[in-house]
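One chain, subunit A, appears in both complexes that follow, with subunit B as partner in the first and subunit C in the second.
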Partner chain A sequence: MMSGQDSEVNQDDTSAGTINPSDYVTEELDDVTILRLTQEIKDHEASKTPLVGELKPISVLLDEYADSTFRAKIKALGGGSTGYRPIRGDGNCAWRAFAFRFFEFAQSYAPDQIAELKSRIMSLTKLLNEAGYNENGYIDFVEETESLFDRLPGLTTETLVSEFNNMEVSSAVIVHFRLLAAAYVKTHAEDYMPFIDDGEGTTIEEYCNRQIEAFAVEADHLALSALVNAVGVADLGVVYMDRSEGEDAVVHTFEPMSASAKERMKIDLLYRPGHYDIFYR
Partner chain B sequence: MIGGFTKRLGRELNDLKNNPAVGISVFQANDFRIWLIDIKVMDDNPIYAGKTFRLQFRFASSYPIEAPEVQFVASYGIEIPVHPHIYSNGHICLDVLGSGWSPVQTVASVAMSIQSMLAGNDRNERPPDDARYVAHAPISPKNTRFVYHDDTV
Partner chain C sequence: MESQNAHPAAGYSSLKMQDAPASAVDGHSVTKRLQSELMQLMMSNVPGISAFPVSDSNLCQWTGTIAGPEGTPYEGLTYKISMTFPANYPYRAPVIRFVSPMWHPNVDMSGNICLDILKEKWSAIYNVQTILLSLQSLLGEPNNASPLNAQAADQWDNNKAEYKKSLMAHYKDIEELADE
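For the complex of A and B:
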């Protein structure tokens, strides 16, 4: 079912082609049953993995892998002082991970710093307008982020985790951040076009719609770069835990091109093929 | 969202009524579950000239995080438009209604996408698999896993 499918894989399904009878799957079950089953699958997934999980020591990951390449890299990440926070794999994990870690840093700030950060993020609404978004389409999400900033001084890490496990709050912040990233790409087309040009005439609009704006499509490299540039107050390190050669995991760092803050927060994500969690150094 | 989706839909409805796009009008929106939106193709495309079509939008409580369910409906004097991506039961194969959905889309932007999909079409035909699809189609088009086709058609 379209609404229920997990979208960890890159959904490249807008490609050209002719219509074949096998292009769709018709269901033998009736719609009510399908809805019920879809909900049961979602509930089951939710009970297994919260949207944002508890901070765990990195050694927990060792229990998940028998593969020696992975184990060597996990060990190289460090011992007891490092940790990770699992994020649900629903196609939004990189966005949710970044947004949570962003607010977790902000939560530790003094009230005047929080206010400054809030005004910085709220000022980016002009970027949404420049990019041509209709206010009706984005205002609810921006207001939810604003409201989270207002609640922030009263929150602890635990209550922030609860906030992010509220689907409405979490989704709204993710949509807001996705739109900021897409707006950054659209308003800096000359910087991004060389990376988007796939020789098949994909436009900036199409790229942003398919890869950034579409809810539950995983962030690619370009989207993460745009997010970091739009937010402007955080460096992002992505630790790649893959099967590539070497004992140490490769770390790719994204820094904002025009940084507005003197001291930037350091957000780290742990990447395993197809999935992002938050990494704590 | 705080206040739930009705706040968003209320705002969208005001906008549709106060600043309607050319060729797009609200036929019925008495609640926040089902709206009927009429669309006309504004250029002189001979396939659709002079005709009005009716779109039905169904909203779940997850709207706008999840896409609305959108299809054409027939009524007295109102047909399902003929198009290679529109089935005769009103189901529409359009990526923005499925995996291409973004919560920044609105009823108006969806209606305009569908309007331009009609305007750009020069093939007076149904999808080649229309009969087979319609015979087995689920009630909700959202339960069909469409593979999206070249949107230049």
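For the complex of A and C:
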């Protein structure tokens, strides 16, 4: 279909057949190489920090900081704390920290309490359905959590740490918890919309997709609140170790809006700008 | 309907594909997951998309087809893609590229695709089917804010007739590809 217009744009037209390489990304890495390099970067990161580390005294943090505000807060924390457990900074740290601490509490429970907790978490699958998730999409992750509950009575803190350093187990539980949080937001839209509304028309769906469902995107305040509300059996305290004024770190506590358990776990995370570890009081 | 999942081997047996990565680590779980995805794809048989492993021996390298959506410049055309799954799939996105030469604002001349769900918005709940459907809708709804192919983006915005012409100049029938 030739038209008069074609002669005017003739030069552009011929160039459409012979592409100017400088207009495009031409650095050719084949897909196998891309995956290998990605894996090497990951392995390098993994060699530095395990997914879930050993419990350490808070004073270890003092070696990391020269800043006096930080040091004062660390010293103040040390008084009321037994320590912290470092979590790998891979964009999933808050989720992994919460999930590990959740199972660490559960591991200390009696078998019938573990069974009760398991049935509580498994019953939340209906929330996933209500939120519109397809069973094919979530079943593998839910089953991994279920199977971890089943192994739990036979585990010690040490072997639980090993379980969480297994990428598959850890990742599946994280995805499950992410989906529970996203499902909670989606099924409580009226509570969350005012916080999501950024004036640019971001929808609940887009928010959940970008901030919660996306694997390796760090949890924000809203995501943590949704996680605590969805799980319903744990309070979450976030100890903020930042440069804000004062000698004591600010603690923000999330409590479930409708708590199903009278006795709730007390999960604490230690937040330093951009990263979460587990905090032990 | 030669490109549906019911006929996996048709037309593709002579393709030369890269050797996929040796996925010794976590191999069992990714294999199980991909097998179940393959099963779901075959059962659901969604029109306009298909995908299957290149060989029985390596489940981590797939090939797929996407039919251009109706009412877009791609209507009536079928494009071939390659999918390479990492050993830690679904926690990491597969690497996907167009094997067919593609004229599109978000696809470069090597077939690399710029699509957020394959990068920073990747979620473990996505699967082959949702990826294929997202790619299919990307054909009709390019993101012209950050194009890989600036000329295509410009044509899409300003001259749809030129866009269609460039698209057809690059297009290769899927059967021709298989003969190469």
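We take it that the second predicted complex is superposed on the first by the 243 of 281 C-alpha atoms of A that agree within 3 Å, B and C clash if a C-alpha of one lies under 4 Å from a C-alpha of the other, contacts with A are read in each partner's own complex, and residues count from 1 in each chain.
Convention: a contact is a pair of C-beta atoms (placed from the backbone, for glycine too) under 8 Å apart; a residue touches a chain by one contact, two chains touch by 3 or more.
As the structure is a computational prediction, the values presented were derived from the model and not from experiment.
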Open item on the list: Once chain A of both complexes is superposed, is A:I34 in touch with subunit B (first), subunit C (second), both, or neither?
Closed with: both
- [ ] Once the structures are superposed on A, label A:S147 by its partner contacts, choosing first (subunit B), second (subunit C), both or neither.
- [x] first
TODO: Look at A:A214 in the shared chain and tell me whether it touches subunit B only, subunit C only, both, or neither; answer first, second, both or neither.
DONE: both
TODO: Under the contact definition given at the top, report the residues of subunit A touching subunit B in one complex and subunit C in the other.
DONE: 1, 3, 5, 13, 15-17, 19, 21, 23-26, 30-31, 34, 133, 136-138, 140-141, 167-168, 171, 175, 179, 209-210, 213-215, 217
TODO: Going by the contact rule at the top, pick out the subunit C residues touching subunit A in the complex.
DONE: 18-21, 26, 29, 33, 40, 82, 84, 86-88, 91-92, 95, 97, 108-110, 112, 120-125, 127, 148-151, 159, 161-162, 165-166, 169
TODO: Provide the residue numbers of subunit A that touch subunit C in the complex, in ascending order.
DONE: 1, 3, 5, 9, 12-13, 15-17, 19, 21, 23-26, 28, 30-32, 34-36, 38-39, 133, 136-138, 140-141, 167-168, 171, 175, 179, 209-210, 213-217
TODO: Over in the complex, which subunit A residues touch subunit B? Could you list them?
DONE: 1-3, 5, 7, 11, 13-21, 23-27, 30-31, 34, 133-134, 136-141, 143-144, 147, 167-168, 171-172, 175, 178-179, 209-210, 213-215, 217
TODO: Sort out for me which residues of subunit B touch subunit A in the complex.
DONE: 1-2, 7-8, 11-12, 15, 64-67, 84-85, 93, 95-96, 98-106, 108-109, 127-129, 132-133, 136-140, 142-152
